[in-house]
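Both complexes shown next keep subunit A, but they swap its partner, so subunit B is in the first and subunit C is in the second.
And now, the complex of A and B:
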């Protein structure tokens, strides 16, 4: 993964310069003109993912993670106004023909949605939904897919309606559907949020082992920084629709630079008590209508100064390799 | 899991049994109401048959012969017994029995309602789904406005306008009357299409709005995105994934409109001079022909209950989850 500034500096080319990244999001802005007018709910987001790479996107609820995931597969609702480009395998997803788009969706990008219950059709059996996708071209049968996501008793699950399954089973069915057409990239949008803790672990392990065996690239979206450390080689942190920090996961966890990342990390370490809000950062993410100009984190930030009324640009953080940061007064620097 | 399936099935059975038991009870209640209302009406069947100048003695003899002086429960029991054997009695005005009169009128009304339902459901499906897919854009707004107008327009007036336009001004269709199918499809069709369209209009308008709302709701659901996001083509998603869920509500509402369709048929048959059940009822009332009024009311109620039963079962078939709830 490579990240660039929002202001047109060329994004750093991956080591193998001949191949374009699998997914390249550049200057992506998403607005909902009806609801929020001209506010960029996603604001100049840049993100690339290489083939086979695991990247985490982290941030509190309402930071635009799901929108980013949906934009990657061109699945945003019709009410969204999009600028910037999203290229999959070198092709602009919004300029694709119908056939190309149908191929990109499913066979190029598989999505595991956040809410498994609503993301499955209540009127169709799990098997019918899986079969429908497999028919479009798959290396495995529906039964094999269900077995590969750790579901036993596949015959019963095939016949069951979603409401007859447990939360964990539903999430696995959804993963099976996402993997059915052997995608090159899987976008997993908080696939464990709705599940209880032990099952969360199983699902994360499942995703990791599937990623290794099938070798797809994975965009793992989560609000839990501790969770991604087990999975992702790289991590991008989002706040209020903007990318604020990114880099190798291990680096970021060891030495967070952005005050928001530092706060996330702290609260994630004390998350055993499962506080719904971040104990170490006061307040919560604002609604898009109330996004601040300049640094959107400024009302919750301990380091904020007058400078922060301007928008900090995401750029290479000079103090460490491959790290990008959008902050005037990062953690761990004397000013 | 296993027990979920069985409980769904027993729920289903229990629901069906309950409806099957309830249906005759409802009919009995309706019969009683019809019987009492007609009985209390100021119409004197003796006078209706014997004429205004019959003397008291003649009328008393008539009453005794027809058991009109028996206590009400006895008369009601006799009535129910007759009805149960499909003997609806004699018309006191016309030479035919009520059975014969209904035998002639019933098929006409059935044809009218079937044709109207076919027209209404087809057009509502096409327009409703189109509007839902174009939500917020001009076709949606045009369809919505037209539906609102036709739903509110009085059917009587629409019928007269229709006759004025198609029969009088353009001369494309007959202004009324009935041509049986034996007289040839074209004659039959041109005698039926006018009343059927007029009967269908408010029904189609209402169904269009219900279907539009329901399909638009359904299209906005997450599972649609799941299917599209997996590369399933849009029209397949609409037909295979969305419609089965989206049509559950419209089918339930169908039951409500059956009643409206029936009362609409009375009006439309009168306007188009179609000799169906509605016309039979209206003339029966005008002539004080109690046997005919009762017969039509009973047959109409039975049809209504039966159609609703079918609609309920259809709904259950589409939405098995409701069986579990309903069966409890």
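And now, the complex of A and C:
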């Protein structure tokens, strides 16, 4: 299979199966024709995650980051119209047989959602839910898994229904279930948002140490730049269904190039440092039905010109070749 | 003591708006009770901004609701301008508190009626309390919307068509409609996106300064409390474990729990 886009994007080179990333999302567009007509709710998104790598997907509600997570896990609803490709372990997901797809979804990818109370079965004990997954093939027993996510008193937890557990315990059970089949990729969608800050810290530390010891790739979806800066080596920033910037996390935070990323960082910094007036981005995120053509951030952007009515393509930015940017008027460029 | 005339306290600027005295709240639970607040005292003077910080289950929401006449303390008293809130009849309690203390909740999508128009949301408190004539109310709705940075034309739009940031502005306009002396805000920006949160926090700050409003801010976010509140109470398991000037507590926390709370907040790691 060759991918030729002819636009000079990093993906115009045919994928080499030997060095192929674990997850490769290319030119992915997702539409919901019945709800939003021809609007691409995900608009030509490119993202790769290597084996054992921690990549953050950052953005606000409605930016499509959860949808990207679902697309990566091959869990999009049937109503979605999809173009572009998602490849797992070098294989195009849509070229896979049903059996292979099931295998990938079940054993290749583990998913941790935000709200553990609604993603666990309320009528089943935590142990029964864990055993159900382990039965399909796991290198560890349910008890070992619970111990590995830092839950002591495993006997009680195994018997407990989700409502009898605290928020932090439930999130740990969910992580144990996601890891049960030794996945190569774990997708964590805002896994700590519903938790108190002190518990959040523990869960993030747990995810990091599990990632190191089990060496799975982690796609960490979050709206919180500060949290991301503590966890991810690489970060992709999304706005209104478009991927606007990606690169090494440290580099992006120190030298944001897209005006949206710069605005988010400035806002976050002003709150951290308690400025007399906080830095904010004017306006608000549009609903998919009202997405602008071209760059979707342009109505809130101080740098926007008429040129931005055309869609900027995500291209290599700078000389190091690690940064990608979709913007005609980036921050930190003299014009 | 309960009969201290409200008129004298109104004219004395040093007198507390709210005087919470040794309030304890117990909730009945299976075969016993859970103590949600333990012997908490607090005073809020006109124009003062007090933050209450703590995690879920710390009692911060119980404290704010007991002040608003919504949860009767098991022990202790809540005085509003010198009058015991729970010694009043329920009707006079409603009349006094709903004109003087307004509430802004965390999630405007569940606290505002999605079927109403934005204008009706702001007008309703005026109608219910019989403030102004129909014409005056209509004019006031426009003024209020503009004072929170919303176009007056939005008055006819249904609530469900507004964005999260617009809704929280609308909730603030509704709270301001009765010209209260104090706003009680329970996690007012935690449901908002990062880029919109700063706008709404700036707005709270401006309006508070312009109207000399007192504020009781309940939040789990140290940074939000630091931005808006001059004084802070740190709560843990129903106890106030530390209190003082916000900046001082931020820089030099004494209690172990405060230290843990400050240390747990994720921080941007930027190396230039």
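For this structure, a couple of remarks:
To be clear about the criterion, the second predicted complex is superposed on the first by the 303 of 335 C-alpha atoms of A that agree within 3 Å, B and C clash if a C-alpha of one lies under 4 Å from a C-alpha of the other, contacts with A are read in each partner's own complex, and residues count from 1 in each chain.
By our rule, a residue touches a chain if its C-beta (ideal position, glycine included) is under 8 Å from a C-beta of that chain, and two chains touch if they have at least 3 such contacts.
Because the structure is a prediction, the values reported are computed rather than measured.
Contacts of A:313 after superposition on the shared chain: neither subunit B nor subunit C is touched. After overlaying the two complexes on the shared chain, residue contacts for A:285 are found with subunit C alone; subunit B is out of touch. When both complexes are overlaid on chain A, the residue A:61 reaches subunit C alone and has no touch with subunit B. Residue contacts after overlaying the shared chain place A:39 against neither subunit B nor subunit C.
In the superposition on chain A, contact is made by A:123 with subunit B only, not with subunit C.
Of the two partner chains placed by superposition, only subunit C is touched by A:198; subunit B is not. Contact with subunit B, but none with subunit C, is seen for A:136 once the two complexes are overlaid on the shared chain.
Contact with neither subunit B nor subunit C is seen for A:29 once the two complexes are overlaid on the shared chain. Common to the subunit B and subunit C contact sets on subunit A is no residue at all. Interface residues of subunit A, counted against subunit C in their complex, comprise 60-61, 167, 196-201, 204, 223-227, 229-230, 250, 253-254, 263-265, 267-272, 274, 277-282, 284-285, 287.
For subunit A in complex with subunit B, the touching residues are 70, 73, 75, 102-107, 109-111, 113, 115, 118-124, 129, 132-133, 136, 156, 160-161, 163-164, 174, 177-178, 180-181.
Interface residues of subunit C, counted against subunit A in their complex, comprise 55-56, 163-166, 193-199, 201-202, 205, 220-221, 223-224, 226-227, 260-261, 263-272. Contact residues of subunit B toward subunit A in the complex are 1, 4, 221-223, 225-233, 236, 240-241, 244-245, 318-321.
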